[in-house]
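The structure under discussion appears below in the form of structure tokens.
In this document, chain identifiers A, B and C correspond to the written order of the chains, with residue numbering beginning at 1 in each.
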Amino acid sequence: MTVSGDRLGMPDDHPKAASVGGRAPDAARPALTLTDAEVLGVDDIVVSLGGRRVLDGVSFALCPQEFVGLIGANGSGKTTLMRVVLGLLKPDSGSVRRADRRVGYVPQKVAIDPDIPLRARDLVALGVDGERFGLRLPSRARRARVDEMLEAVDATAFADGRIGELSGGEQQRVLIAHALVGDPALLVLDEPLANLDIRSGHEIVELLARLKVERNLAVLLSAHDMNALLPHMDRIVYLADGRAAAGTVGEVVRSDVLSELYRYPVRVLDVDGTLVVIGGHEVSVR
Amino acid sequence: MFSGFMANAWTAGTLVAIVAGVVGLFVVLRGSTFAAHAVPLSSFAGAAGANLIGAAPIAGLALFAPLSALGIGWLDRRRRGRGDVATALVVATMLGLGALFLSWSTEYESGIFGLLFGQIFGVSSGQVWLTAALAAGTAVSVGALYRPLLLTSISEDLASSRGTRPGRVDTAFLVLVAVVTTMAVPIVGAFLMFSLMVGPPAAARAFTRAPASAMALAVALAAVTVWAGLALAYATDWPIGFFVGGLGALWYLAARLRIALRR
Amino acid sequence: MSGFFASDPVRTALVAGGLTAVVSGVVGVFVVLRGQSFAGHALGDMGTLGGSAAYLANVSPLWGYVGVGAVVAAAMELFGVQRRRERDVATGIVLGATLGLSALLLYLDSTSSSTTGVAASVLFGSLFAFAPSALPETTALAAAALVVVAAVFRPLLLSSIHPELASVRDVPVRGVATVFIVVMGVTVSLASTVVGTVLSPALLVGPSAAALRLSRRPGAAMALAAVLGIAATWLGVTLAYASHDWPPAHQGWPISFFVVAIVFVIYAVTESVGPRAAGRGRPDATVEAQTPLAGTPTAGTAQVR
């Protein structure tokens, strides 16, 4: 198992399965096409910021209905990678291939003034066409779409409340609804669990797992603790120091793989189902 | 009170109230209170300059306000953190320049007083037409920019991810603030424009939940402010700025009370 | 030119202006370090109320500025830091109300007494009309401000650069902040007598910001700021005196215009030419406190505040 520079963990019958272990034959393929199965392809992204290599050759891909966790500590480059995927930041080299349809984005920090006169349903309505200029007339079709989306994320109860007064978990649902109402193929969430308590966090993860099937969605979300995602995560992209290892949890979250990724001795412990990654010297058992 | 030159004041004043409420709501949402403060003060020099050459202050404002707005936006983007000092100095220099222009005229004292604290006389018919045209332009622009303005107020990243350019929306917004400045300063004065632009919307957002109704309420409160100001200034001869400042504070107080009670 | 120094108003102006420039330079360095220039602006504008009330009560305007300035300053510190956005809105609204009230007082003054040009004097200064009898109290206030700054110099410096570190070392950060803002109120009052309430922030922060660009040591910056301030003020007085015959009105250009314009030029020159010495080498907690929490490493686009 190697890290960075490879696309790992494809389903066995995937045409690229043969590429594990070396530079893929598709390196010759023009960069802008996706295979039918893929929703997102990220190739060899390199980003330097302020003189530091934040991302050093990161590659991975997503297929529909895949739930992929982008895991890494603060400073590992998660947010930068997210911004590259969303097109908010141009990488120094490498490319991002996205299916044509819009990407749904749930940002981490949303400056929601508690007194802002905006209801949950207003925010979701902005998800339909919030970037368009021009006057917008009330439309029954749009209202129906908004209602349907609020229902899908279990937000109908507080649809008419001020956004600023919702709890963290409730706001998160509304933002997800906003992102999904445009019917994207890919949903990207930037640290959605960061400010939630454990229970709300679990509820959001379950919601996402449900939505990915209901809406034929690929979900990419970043977090610094993978354990909350373990029950539902299909694959993981593990970031350390700007380098990434992608694959299933079983393939990636192992002492040898992560040690190579970190370029430092690292151990992975399984404590009753919870995975713990700790730095440490090689322990030889006598 | 409604005839002659006062009729012009009522018309222009009402138009000013409408745009102040509409644009002011976004000033509050976006937290651009500094711009709402700095742009009218910097444009003061334009009004003074126009006064000097015998033109109506509104003409000078129409020139200086957009330039000030864009300049302040540029300064703010360039130097985060130390930006306060640069803008403070630019604003002060512009104010000094305005004082200089007025000192060259015979109306140093009255010019300073009128342009900074407002005046209800001297609204010409030409000014009313210009104000109406600017109001129409503002209405159209806000209608066009409504959704991007809302979205960028919530999250610039979110807006970017949908293809909106927050920088451009910001610039357009600053120009809108400049337009409101041009219309409002001749009547309520450079010092009091902030109160008119911020007080009513601050109250509106405390009492309503949806953006459209917040805008309507902001306009209503701004209109009440201007009308009461005109009427009281006419009746007492006291400066209109006193009434606008006081009412602005009243609305804001009501807003804070409402918010405190709600929580 | 001999007429220049022989003239009483000129000598008074030079003395009052010089004293004020020194205090402004010293205090202003801390204002810039602490990122409190907006507070300075607010204090200046609120002083308008004090000035107009003072004229109405036939009292020296200096006391009006000081009275309002000190009270407001203490109130600002006590009502503390809410969300920054909300605090800016609240400050602006209060400013609007006070300015509106000042307008009323100025109007009442113009109708009741025989003094003319009160608005212009309060807002934009009238240094040539500075009463020599006010020099003793001006000197006393200036001296008091400098003595206080000297007394709290090190705690103030530490808490300006790194409030948390200062707390840990038992500096009463809150107390020092309150003392400082009152000193700021007094300084702004002095500056208001020279260039008027509206332009006082320029004298407060301009020379200091320029000095900080040129020197990274606070003591040296203060000395330099004082020198620059004196230069701007005295040059302003000289030019205003010389402008007596200048077109278009042949009645002289306002001193405050010259002073502010010169300060601006000094600042602009140091900003573009001076070494970036002031910013390097120490954790600028105030700058960090002002930049928004960035969830993203790129500068992106900044929102106009």
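For the reader, a short list of remarks on this structure follows.
Simple rule for what comes next: a contact is a pair of C-beta atoms (placed from the backbone, for glycine too) under 8 Å apart; a residue touches a chain by one contact, two chains touch by 3 or more.
This one's a predicted model, so the numbers in the text were calculated from it and none came from an experiment.
Taken together, chain A and chain C share the touching chains B. Comparing each chain's Cα centroid with the centroid of every protein Cα atom identifies chain B as the most central.
Chain centres computed from CA atoms place C at the largest separation from chain A. When chain pairs are compared by contacting C-beta pairs, B-C ranks highest.
If you average the Cα atoms of chain A and of chain C, the two centres end up 51 Å apart. With centres set at the average Cα position, the gap from chain B to chain C is 26 Å. Each chain gets a centre from the mean of its Cα atoms; for chain A and chain B, those two points are 43 Å apart. Multi-chain contact residues of chain C (touching two or more other chains) are listed as 85, 295-296, 300.
Touching two or more other chains at once are residues 31, 157, 160 of chain B.
For chain A, residues that reach two or more other chains under the stated contact definition are 88, 107, 109, 113.
Chain A makes touch with chain B in their complex at residues 86-88, 102-103, 105, 107, 109-113, 115-119, 122-123, 126, 129-136, 160-162. Chain contact summary for the complex, chain B toward chain C: residues 28, 30-37, 72-73, 76-77, 80-82, 84-86, 88-90, 92-93, 95-97, 99-100, 103-106, 108-109, 112-113, 116-118, 152, 156-157, 160, 165-167, 170, 173-174, 189, 191-192, 194-195, 198-199, 202, 237-239, 241-246, 248-249, 252. Within the complex, the chain C residues that touch chain B are 32, 35, 37-38, 40-41, 45, 85, 88-90, 92-101, 103-104, 106-107, 116-120, 123-124, 198-199, 201-202, 205-206, 209, 248-249, 251-254, 256-257, 260-261, 263-264, 267, 271, 284, 286-288, 290-291, 295-296, 300-305.
Residues 25, 29, 31, 143-148, 150-151, 153-155, 157-164, 204-206, 208-211, 213-214, 259 of chain B touch chain A in their complex.
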